[in-house]
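The structures come next, written out as structure tokens.
The following pair of complexes shares a single chain, chain A, combined with chain B in the former and chain C in the latter.
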Partner chain A sequence: MPRVHEKVSYWMLVLPALSIMVCFYILPVLGIWEIAFTEPETGVGNFVKMAGSNAVKTSFVITFRVAAITTVGCLILGYIVAYAISNFATRLTPLMVALVILPFWVSVLIRSFSWIVLLGRSGLVNDALIHAGMIERPLRLMHNELGVLIAMIHVMLPFAVLPMLTNMRGISGIYVQAARSLGASEWTSFRQVYFPQTLPGVLSGALLVFVLSLGFFVTPALLGGGRVLMISEYITYQIQEFLNWGLGSALSVALLVATALVLLISARFVNLRATLLERK
Partner chain B sequence: MTDTTDFEAKRDIAELAVERYKQGRLTRRGFIAAMGALGVLPAFGQRAMAQTKEIIVVNWGGAAADILQEVLCDTYTAETGIKVTVDGSGPSAGKIRAMVESGAVVWDLCDSGAGSAIILEQQGMTEAIDYSIVDKSKVLEGTAYNNGVGNYVYSYVLATNPKLLGGAVPQTWEDVWNVKDFPGMRTFRKSVRGQLESATQARGVPLAEVYDALGTEDGIKASIAKFRELRENIIVWGSGSDSQNLFLQEEVAIGNIWSTRAHLLKDQMEEGTFNVSFNGGVIAPGIWVVPKGNPVGKDEVMKFIAHGQKPELQVEWLEKIGSGPINPEAAALVPAELAPFNPSSPENLATQIIYNDEWYAKNQVSAEEMYVDALIN
Partner chain C sequence: MNEPILSIKNAVKRYGSVNALDGVNLDVAEGEFLTLLGPSGSGKTTLLSAIAGFIALDEGTLALRATDITGKPPEHRDFGMVFQGYALFPTMTVRENVGFPLKIRKRPPAEIKKRVSEALEMVQMSDFADRMPSQLSGGQQQRIALARAMSFDPQILLLDEPLSALDKKLRADLQWELKDLHQKLGVTFIYVTHDQDEALSMSDRIVILKDGAIQQEGDPNTLYDQPRNRFVADFLGKSNFLEAAVIAGNGPAYQCDSKGALFTLNTQEPCRTGETITLALRPERLRLGLPGAELVSATVKQVSYLGERCQVLVMREGGEELLISRPTWKTDIVPTPGLQVSIGWDADAPVVLAPA
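Moving on, here comes the complex of A and B:
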């Protein structure tokens, strides 16, 4: 049998996935770019309009703020979970990992609606607090940014836990033991020996959550009450309400560019290749 | 001119019938029949087979097609022997135009909006309404156009939940903006349609002068500013069912919602927890248009339109789906318990203005932009 050149055979393995990506992802995205520059007339009119709009600016600020807070929240909660699973729950590890992954089996839509049931004015949380006599009037837990953040942190949490967990499980306990035997306190050995080793996991978790949050749609639309207008919802609004494909496309191009910028800037501080590709 | 027909509102009316079914007001058979008809075009096939006279009426589908069939079409067939079939494929102005230009017109009568009707008339895509057959006095004033005539109405109304408000119910839009005396969340549509009129009245502008006050850029800005003022108390509704849910879950105490949704809520909410006021409301008509060169001929369609103007049929329409009668005479036949919810009863008409499509064609796009800005920035 004639031997196919090694490089060619690698490409052939990638080819099916690659061709699907090109046909159904790259080409449509290019189509969106084209619309952004050609409708209603050729030129950068849509972008000029976008830059001049206060609503668009605010929407971008809201989008980045929500994404940033979600990321921080997910990292803090996720780090604790990942740390506990990889260091303490030896026998329970499979169960704990299953619990982390479980939400993936439930649609984001359902999870968001569940939060509506919980956080509503006459929802479970408010009812419980009122009956316990802790508050007199229902708290406003949703239809604002707070509600969006609570639900988004919940939805995004597995994306933060999994990379950190993989990273932590690869860290040998020997280093911390060595530090402890040399007289470091528990806190010092964690801070100076353990934590730096987990940074690649933390950073890839952060990137994953942040980038996913930027384009998130369902949860903010359901729990934001219309006033936490993230860019993705704004795009829908332009296209559905006004059939304004030009501006809608321009917005999505801007979101894509902004996301790419985030990656570029983080690449200056983080070795992306090591973080995302060579995780061991 | 921009086409400002509110397709969402029309689709929403289509959705309503599903809820009527859930409440047991539509028969199961009727519901299944309508669902089976969804997305297919049985009318065309049958038409080619049987060369008999048949009128094709097109609306926005869903189970509302079933209501239209039952209330207006089947009764016409019973009376005249002429078959009338409803096709729910959504007669947007674009589709009507494409059909007329291609010369293959298969629709006879379309449920459109004032915005579309005006544009289609300008483009020469529709037949003139023959007012010797269709009775001009049997539609609301202002809904008889050259090439289009009103078929039903729906309103933007002030809905309130007295229980959440502690019994103090806002009567005017100025009250709605008074957060001190009427604390609680409000809901407005995620669009300026029918909403900017409320804010304008909250500025103290009398109802009749609302669109005059909105005639200038400054006037629009002043009304938009009212939303900015109130925004901490605003939750926005996107679809008709959103607005309904916000009331059902007691998320909001006050809202500007469609009368058709209010019609459902009055049955779903407990006694004493739901009120509707048409005071300062905006009433919007649906408009029949006839595509140029319609297959069955112009006269046949005009007779059908005239048939649909009968008060008793209009009342049945209101009972079944909440769309208000276009014929002012129908008001007298509306059962007493439904009258307060009828957008076109004389009492309610007196306190509303008619949705101004020309204003929307001119100003909607820029106003929407300002509206979003006011809500989030």
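Moving on, here comes the complex of A and C:
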């Protein structure tokens, strides 16, 4: 009889979270799909309109470009941070890990506004540069893609660092020692022995940052100032400004499908289960 | 000794106020199987890491065939190394692992292929060339690690407790294989272990370390039979320690007195009349007799049966505990706790230890 009992307790444990997910997430998402295909009239009209719109195409291109550049930026910066923490620091390691996680305690909204203070026409960066005599007129650091990218990389960085850090801290220093005793230089040991072992961490960091960036709203909206229209902001416009629920919903569906495609394609190269679920 | 292949002069390594290596001088002969033996913290691994080039010495020099290599990075020393945790590269197959040092040295592919199969054959792992390390057992991984460390004909092979992660039976098998391999290849082995049995069974020469300093070095036989101090006598095998006063004699035979028990001691160590000396007595050199038959009276405290041998712990009258090891087939006396017995030894059994 313990089998039945186990099953019952399993569902008892899962049910609360599952019902919240169904009521407040799955059903509304299905509602979006319904709206996409029924407003203002039943059919695929919204999708035809979407496919024909240059603005939508541009927005998708911007979205994927920003997400891709953000991912690359986060990977490069994050790899260095994770490498330094796991290979050099000793007593400072807990502090450094805490510093990586610390930004999570501050809302994304506040972090994005802080970037506005820093990057604005008379923000700290421009002021400092002008006072130092390095430039004459303020640089355009925000309300363009550059500003969005700077802030996005900052916001997303911990999502890249953490999986890579977990992965690297599991790699014993003995492999590089072994490689060097066998005749490999420091650089060759890193490239041929250490780096391949960090690839799972790099890929999970990349996937996490890319997927999160695709649907990100707050930072691009604030730093882009309406000039860098990523899909999520485009959707908001359709619904809030034009009350065009049909097209907005169709765009949401498209974004969801695009994200699912990214996951599907990456599943061919990455073990998604290991990447997203089984973290130490 | 001919020209030593490796010469370590006054090696010092400090970690804070602790001297991990405290002035080590050591010459390693070409082709020898040298074991660095010591408890944890004795500096044996530090010494090996210094030889490998992973840590820099604070003082002292290392020379390979009379060429100074003190500051040489590990990749230019050309020493093979086998690690305790095997350290096979998990992203490479067995073949790629073994070929790694050859690929680094930019040998032609045909030669790499040939030497990899030779190395795998040497450790009887030819059938496993295309496996990943994670698909191998501990013993198999260790064999591959050995093949990898040997595939490029290193000057010296360094082994850092290579068998300590394996179970007892496998460890014994691999000990034979290692010794065999050493004889066949004639390469110099420097082997680190804390396991005295391993050291005794495989080495040509053992160096016993404690607190970063060499306590004694010599072939296994000499070390076991002639330990210089209490630490060596106790660490390599078991020993009973006895304080005795020299009352007469001037070498090689002395009359000694240990708490009223008078006995003759044969030793090459010079002793002075009137001086108190510490003697080490191996458990297997002690004789067990009926009460009154031997030199000192004692009571059996505990008996431990080990199959081929049996260990008897006795309490000497008015004094210390003594451990006796005797073959189990000797049944003249069946020791049981509480039994009155007497203990004796031959005149050349005790070893005079250096004063602590």
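The rule is simple: the second predicted complex is superposed on the first by the 263 of 280 C-alpha atoms of A that agree within 3 Å, B and C clash if a C-alpha of one lies under 4 Å from a C-alpha of the other, contacts with A are read in each partner's own complex, and residues count from 1 in each chain.
In the analysis below, a residue touches a chain if its C-beta (ideal position, glycine included) is under 8 Å from a C-beta of that chain, and two chains touch if they have at least 3 such contacts.
Source: prediction; values computed, not measured.
With the two complexes overlaid on their shared chain, look at chain A and say whether chain B and chain C clash or fit.
Aligned through their shared chain, the two binders fit side by side on chain A.
Can A:229 be said to touch chain B (first), chain C (second), both, or neither?
first
Counting only touches as set out at the top, which of chain B and chain C does A:196 meet: first, second, both, neither?
A:196 sits against chain C, while chain B stays out of touch.
Of the partners chain B and chain C, which touch A:237 in the superposed model: first, second, both, neither?
First partner only, chain B.
If we overlay the two complexes on their shared chain A, which of chain B and chain C does A:121 touch? Say first, second, both or neither.
first
Contact-wise, after the overlay, does A:188 reach chain B, chain C, both or neither (first, second, both, neither)?
Second partner only.
Given the touch rule stated above, what does A:90 touch, chain B (first), chain C (second), both, or neither?
Neither partner.
For A:62, using the defined touch cut-off, is the partner it touches chain B, chain C, both, or neither? Pick first, second, both or neither.
After superposing on A, A:62 lies in contact with chain B but is clear of chain C.
Measure off the angle at the C-alpha centre of chain A toward the C-alpha centres of chain B and chain C in the combined model, and quote it in steps of 10°.
160
Is A:42 touching the first partner chain B, the second partner chain C, both, or neither of them?
In the superposed model, A:42 contacts neither chain B nor chain C.
Give me, in Å and rounded to a whole number, the least C-alpha distance separating chain B from chain C in the superposition.
45
After overlaying the two complexes on chain A, where does the chain B footprint on chain A coincide with the chain C footprint?
No residue sits in both footprints.
Would you mind writing out the residues of chain B in touch with chain A in their complex?
So the residues of chain B in touch with chain A come to 185, 190-191, 231, 234-238, 249-251, 365, 368-369, 372-373, 375-377.
Quick check: in the complex, which residue numbers of chain A touch chain C?
Listed in rising order, the residues are 172, 174-175, 177-186, 188, 192-193, 196-197.
Flag every residue of chain A that touches chain B in the complex, lowest number first.
53-55, 57-59, 62, 116, 120-122, 143, 221, 225-229, 234, 237, 241-242
Please name which positions on chain C make contact with chain A in the complex.
Per the stated touch rule, the residues are 52-54, 73-81, 83, 85, 87, 89-91, 100-101, 104-105, 148-149, 152, 158.
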